């Protein structure tokens, strides 16, 4: 198991680095796919099988495909942010991210507040238990998520339609 | 052998920081959005690891992860639509600027 | 196993807003626009009716007792006041949209539906007492506002503003979620009440709260997480700016207050000191930047950042009186800020492809052109600057008094000094309106649509009445 974990972690990290480092956005998207798939396997290792499958379907199947669509649709003309993203901004990015990482690692290395319980072996990953938790205990955020998806769908349609200026009168 | 929780947490922290760096350092809007997706995924592995290692009795961690996934998908859809819209309007505006010159 | 029974009457106003949003969406199908030109404004009418109905339901429901929907959404007094502030801001912003939207878009149904969805997100956010619910509500309002910010798609500035807002907003969601995950690790709970009951301490709670503050700080446009705000506020259609600068702040502040209260195990001194410095930084940066602006709208955007700083003072105070002051100030802010943006929108010259921003001198000589408009604008500016007897003065008074009472005298002093700085740029506009010659373009007729006039009249009245009747109002809130 540790060997598998190490291999997956390596793949995930390589994928993440690939997203950032490749010049070509298509390679970035494919690296992202690599990262997502490694994560999906890791979810299964954590006995969250359902999430592992959903991860593949949603992230690999939908989000990465969406990214690839957009990249191929608009080619090299991707909008760039801010005219003045100069070297010092990048340097600041490196420093900030590194500081953040250090702070997190420093904190995570300490013992957990409740004491680190031994890893149980729950039947929690089963789809039935998950369904009950989702539709009974968390019905309120579930309903809100439907509103969120409606909003996103509407927003996507509004933005993707061609702009028509109103007639001048 | 069981993998210690801290391994997952360190991996998640590293991936989150890589995404963080990507958002700050990349100029290309699509790449920035990919950085955000990396960050959200890192949070998910945290949630699942916490659930499995500390609070396995209830499924709250998994449920939270499902919601994060939903939101990530919604955000990606809207963000990419926004990028396409800007790409288009930039083109139309350039075309129209030419028309103005003609007029 | 049984399915849960839910008492939907607790979220009746939110349901009304949502159902109205759905009706607005299909309004185009019910009344095809081409067939009946007189009914172009049907979506706006419907949306306004929905907002008013939701407001009435909130008002008439009496005291909200604090009953919860599965421990996820709560109907308490705080949520009730937030409902009123958000619905008020939404209705005023909608009146502005009425005549403004047709200048740049034909997609009325979509605009008003997204607008109402953003309102619903804000209302739910104010009621959230559970981390997942809170996060999803926050995303509903954010996604709707990203799209609304970029709604003027013929104009590059709008798209750029929306893209920046979106990317930084999504980025901040990452921090908020990391914070929530750490809360979950420390307590195993996502309901704020359970998190508070666990009374867990240690690094996880502290780091969780810090990351949560960063995430909400972005939404609140608190410095140093405010980079997106000037661009988004300037690039967005002015009615959207007016609405979101009030509504988002109000809802996010309530969420911040609830989370900070739940993380009771983190020593108060730690987060309050952190928030106090953020507040100081925010108002100072906002005011100093506002001094240098050449666009009226951008100046108001920075002023809005500075006001986020003032509002945080009440959260820093940490007392009930402090948050009552925040609620009072939010009402006052809804009136004076939306009023100011309303006049800025009237001074813009809507063009075919771009709505041109009103420059800082656009209001020059306004008194000679539209005397009442100038008087109203003067009231908004003076109130924003905090000059008695207007609403803004009493808002600041209550905020700073609460801060002094809980031992944050230096923050109150900093707030007062900042108000003095801000008076300079607010008064400059007032002086220009009454003393200066109109700018070159001002020979153009200044159109005054009825709906926008109504909005200006209402906000001016509110600014005045909230000032004159401040004491009874404030007592009403704190009761």
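Residue numbering begins at 1 within each chain, and the chains themselves are lettered A, B and C in the order written.
Here, contacts are C-beta pairs under 8 Å (C-beta built on N, C-alpha and C of every residue); 3 or more make two chains touch, one makes a residue touch a chain.
Note that the coordinates shown come from a computational prediction; the quantities given were computed from them, not determined experimentally.
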| item | value |
| --- | --- |
| Selected pair, greater C-beta contact count between A-C and A-B | A-B |
| Chain nearest the overall C-alpha centroid of the shown protein atoms | C |
| Centre distance in Å when subunit B and subunit C are each reduced to the mean of their C-alpha atoms | 26 |
| Cα-centroid distance, subunit A relative to subunit B, in whole angstrom | 5 |
| Subunit A-subunit C separation of Cα centroids, rounded to whole Å | 29 |
| Shared interface positions of subunit B, touching two or more other chains | 16, 19-20, 23, 29, 32-33, 35, 51, 54, 58, 60, 63, 67, 71, 74-75, 78, 82-83, 85-86, 89-90, 92 |
| Per-residue overlap in subunit A, given as positions that touch at least 2 other chains | 79, 81, 104, 112, 114, 137-138, 141, 145, 148, 151-152, 155, 159, 163 |
| Contacts with 2+ other chains: residues of subunit C | 132, 136, 139, 143, 146-147, 150, 153-154, 163, 167, 185, 188, 353 |
| Subunit C-touching residues of subunit B, taken from the complex the two chains share | 16, 19-20, 23, 29, 32-33, 35-36, 39-40, 42-43, 46-47, 50-51, 54-55, 58, 60-61, 63-64, 67-68, 71, 74-75, 78-79, 82-83, 85-86, 89-90, 92-93, 96 |
| List of subunit C residues in touch with subunit A within their complex | 1, 3-4, 6, 18, 25, 69-70, 72-73, 102-107, 110, 113-114, 117, 120-121, 124, 130, 132-133, 136-137, 139-140, 143-144, 146-147, 150-151, 153-154, 163-164, 167, 185-188, 200-205, 207, 352-353 |
| Parts of subunit B lying in touch with subunit A, wherever the complex brings them together | 1-3, 5-11, 13-35, 37-38, 41, 44-45, 48-49, 51-54, 56-60, 62-63, 65-67, 69-78, 80-90, 92 |
| Interface residues, subunit A side, partner subunit C - complex | 79, 81, 103-104, 107, 110, 112-114, 132, 135-141, 144-145, 147-148, 150-152, 154-155, 157-159, 161, 163-166, 168 |
| Touching residues (chain side subunit A, partner subunit B) in the complex | 1-2, 5, 9, 12-13, 16-17, 19-20, 25, 28-29, 32, 35-36, 39, 42-43, 45-48, 50-51, 54-55, 58-59, 62-63, 66-67, 69-71, 73-74, 77-82, 85, 89-90, 92-94, 96-98, 100-101, 104-105, 108-109, 112, 114, 116-120, 122, 124-125, 129-130, 133-134, 137-138, 141, 145, 148-149, 151-153, 155-156, 159-160, 162-163 |
